[in-house]
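Look at the two complexes coming up: chain A is in both, with chain B in one and chain C in the other.
Entry: the complex of A and B
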């Protein structure tokens, strides 16, 4: 938003006619400028309406329709008011999926952020091979999700998994946790894998934020005795705050809708212990072919995301105003 | 930044033009593709066939059969094979754009749902002869009294056992539930579990549980019954006594086969589609028996798998007739035998069983079950997915969710 307005004013000021020129020619040029502006905006608007507006509107409408396999052939989708919503909210596992969504999102964000920040701070001090190591940390981002979850399934396997093999090799420890097959642990394991996936994003953005903090501040602080923890508390953290809010809010919006990690690891199980609103919605639409109820769940998720999107926009505007 | 912008703006313009060209490219390609596609489907002497047999041996065998049948009925064939999981998606998409193929293969539990949408033509009206096919199989393809699909071959699940391991332990393959429990306990040693099956939270888990449920008189219309609870108790007992790994709640049937071939399970519930994988493992000798029944002398009732061939409503009556002829040809006795032997399945016509089992004895345990096979959609039709979801949910709740089988089934049944 802010960028666009800056761009257009600069274009306008550059093409503003000098006072000595005839008025007619100036008006023609003005019109041309406007046309050029419109020509640049139209593709973006068309794209947004086609690929963002239409699906969202369609999804909202589907939430109020009885939309099944039949609809695809006959084109008939009777309006059913709020019955899809009452059906999904009344579903025995809805409360559980909502709570799981909250736990999954909160757990993932806290873990990703804490570890991402720790690693960013670690790499802020340059040392031999730091560049190579830093790029290696991006690996989880590069691995196809489905391959990543397949490997994690193998690592977390109860009987033959690498993790339990390592645990059993530790003397004095008699542990064999059912990482993915016990309802108490499965959500923890899934959150753990999602944290692993989210670290690169958090680290990269936070590292960028750290680079922006002027070195002089630390030098000045050091003269006043602010080193180590106190330097972090009074220099790094306040300077990093705008970046932190962006990372956290974007993280929440991304994490709320995570689907593939859970599908790949546990498919929402065992006994629905890792079922979130997004996996529940997927299940309704693409396994039980009840697209209406699936859309209703999707809309509930959109509403929750929207709250955080608004928070993000408000924070962003405040930052620009400042 | 600002200084740089001015300098690079000229360069950027040409870049933009390049980008624009790139964006337009897929559109142009798409248009070409669409044009080509509709041209081939428009010709009156070509039948469009859609299936998911996209890997060998199915791919080649079916291709030969379809091409040969095409010659028989005097039509050219334009065949498309999509990955299994995207078939329904494709069918729904084609339904809404009215571009359904002339001949469509569907997994048998999906036939009634697609028939209910109105997209399929009743085969009786097209003069299809379904005599000789097992009743259970026909039931899966029948919706509101009309037959919508014809299924040439089928498969089901049975108990696979590792011959060497059972011999070494002095265990004979179990035939009853009690025998299954004692045999599994005896075969569980070190890193080897006695028994393996899939209890995953998808339809695959439901499919594996059905033989226990049905053989004990359980029914999908109401799963809150003592019969179904007893079946679920059996699986729970096997897991609680550590004869069955808790990981089975996360295992697909392919994972179960991996456990078996790796020597981590002495017995498993699985199907004949694993023959290829099992035969590749050197030194592995396996036998196959029907899934154990509650009491001696009882009968195993298993669900059946496999795909049916259907004729979608395309609006072109002449072509639909030709398509029906093609479906009839694919279901000829010769084709059933040939494809059964080639793909490790059994013919849906019980009369043909001997021709197949005499050449591949491994198929006997499966062929014997054909007359008693039960369709998953036989009772509930298009409502089956809801019941299947209830069943696997109850199984998971009882096995690892800390509920008793009775409570788990009651909760699932009442939604």
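Entry: the complex of A and C
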């Protein structure tokens, strides 16, 4: 293709016909071209339908069925109306899991976003080694989540964990928290670890957003006396808003479905204190083998994501349209 | 590690002109403190993995009494699972790129009209589908199809993160290839297929590498499908191996942390060797849709 560039210079100037309809071809040829075009995209569509479309539809149906271990032997999954939903909502731990989901999501998002933004703003200042340090911060996000949670389990160990050893070294402070085994603290610990995991992603996206704000705005602002906090409020924040919207929407959607972190750290315990809708759904399907109730919980989770995304995108419609 | 990265960083996606960075040592020190804080768990992982007796007593702060026992145990007990993960991840990369690359090109350059919008919207919606919902439905389908505990089964499922990501990333990149270059090939008599293979693919090399890297990492780090779509120890990815390890041998942390380190190696290697692709992938996949 050495002549591609030569060809392009001669063609670029004329008003080219659309790429999909090369000029001067018959109807048969046109149809063939159209078929080739469709063939490019069909495999992806088939995959998305099979691995996202089908599961969602199947899950909605399973939510109305009695779908248990028996189903795998008999092949029968009788329709039971809304009884899976009333069973899960009536379950003694449902309120707890719903509340945990809200706390886990809100806590994680606030922490990840605030720290991610702070670090992004810091690295936005140029200094020696900033590029290297910034890219190394990505590591916690790139390693398998389950590896991150495994080491945190040992760091948070009550008697021999690194965190409590550091805490006990602080003079005047006499405490030895049971991070993962106390029902009051476990959710805090799980949120903390999830914040740690989420900081790199937030930082990187927000840093990218900061990089795209033109320097001239700050120069002009400085003339009007907008520096420091005022420059942040009147220039940085408004310019960053589209990126903030994307980060927050993705953050909530991803956090709602987190499973690795919780299963890896606490398995939902102690006493369901870290059980969320997501882990509850897993528990129902794959530990109690009630796939119908597991599906019902999964559908509730989809509904929460969807409601959140729609409401949030409506409020910020302009930011997303770009 | 730091010896390799700086040269790569210069070539990265930084918009600002390189070489103008003021020295500001105070900032560098603060930056190192932030990094130390963020990477302490990774240091701890390596430290514990190198301790001779990783039993449940306080781990020394530094691995002075260095031992590779954790690693020999980890490799003998988890080596097979590492190979399984490698096969699955490479399979997912090949499969995802085969599916996603033509689709990304079609969405960037063909006049698909409404369809392109529908597919794009569909891809964005997939991000909202919780993995547990997919696993729930796939389990019964896989059970019927005999795909539980199989390599192809896990490769197909583990591509679920890579394919949408790759389409979005490569579509953004291919959209920036001038239509005139592709049209020149048509004028020369090439069809879509030939133009795709001889012009678009070579030009998109970087986007393909980035998409491939991330697909690899997604598949390598997958835990949910490993947990739900395998029921025996015959075919067990390393993430699940690590999870069951933590559950059963908590008395001895050295081999567990050695396994965690081994499972983190691909991420570390990619960050060091392919730094600029990684940075491009994080921002490109999420924002520039």
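Of note:
To be clear about the criterion, the second predicted complex is superposed on the first by the 269 of 322 C-alpha atoms of A that agree within 3 Å, B and C clash if a C-alpha of one lies under 4 Å from a C-alpha of the other, contacts with A are read in each partner's own complex, and residues count from 1 in each chain.
Here is the rule we use: a contact is a pair of C-beta atoms (placed from the backbone, for glycine too) under 8 Å apart; a residue touches a chain by one contact, two chains touch by 3 or more.
Only a predicted model underlies this, so the values are computations on that prediction, with no experimental measurement involved.
Aligning the shared chain A places chain B and chain C in steric conflict.
In the superposition on chain A, contact is made by A:270 with chain B only, not with chain C.
By the touch criterion stated above, A:222 is placed in contact with neither chain B nor chain C.
Legend: residue contacts after superposition of the two complexes on their common chain; A:114 is shown touching neither chain B nor chain C. Contacts of A:31 after superposition on the shared chain: neither chain B nor chain C is touched. In the superposition on chain A, no contact is made by A:106 with either chain B or chain C. Contact with chain B, but none with chain C, is seen for A:91 once the two complexes are overlaid on the shared chain. Of the two partner chains, chain B is the only one touched by A:182; chain C is not. In the superposed model, A:310 makes contact with neither chain B nor chain C.
Of the two partners chain B and chain C, more chain A residues are in touch with C.
Stretch 81-89 is the one of chain B that runs into chain C, the other listed stretches 63-71, 81-89, 117-125 or 405-413 having no clashing C-alpha atoms. Overlaid on A, the two complexes show chain B and chain C touching the same residues of chain A, namely 72, 153, 157, 159-160, 286.
On the side of chain C, the complex with chain A involves touching residues 2, 5-6, 9-10, 12-16, 20-25, 27-28, 30-32, 34-35, 38-42, 44-45, 48, 56-59, 98-100, 102-103, 105-107, 109-112, 115, 119, 122-123, 125-141, 143, 156-157, 159-160, 163-164, 167, 178-188, 191-193, 196, 198-199, 202, 217, 220-221, 223-224, 227-228, 238-239, 242-243, 246, 253, 256-257, 260-261, 263-264, 267-268, 270-271, 275, 278-279, 282-283, 286-287. On chain B, the positions that touch chain A within their shared complex are 89, 92-93, 95-96, 113-114, 116-119, 191, 200-203, 245-247, 249-250, 264, 385-386, 389, 393, 396-397, 399-402, 411, 415. Those residues of chain A that touch chain B in the complex are listed here as 68-70, 72-75, 91-92, 153, 157-160, 178, 180-183, 266-273, 283, 286-289. Residues 1, 3-5, 7-8, 10-12, 16, 18-22, 33, 36-37, 39-41, 43-45, 47-48, 51-56, 58-59, 62, 67, 71-72, 119, 122-123, 125-140, 142-148, 150-155, 157, 159-160, 162, 165, 196, 199-201, 204-205, 208-209, 211-212, 243, 246-247, 250, 253-254, 256-257, 259-260, 263-264, 278, 281-282, 285-286, 291, 294-295, 298-299, 301-302, 305-306, 309 of chain A are the ones that touch chain C when the two sit in their complex.
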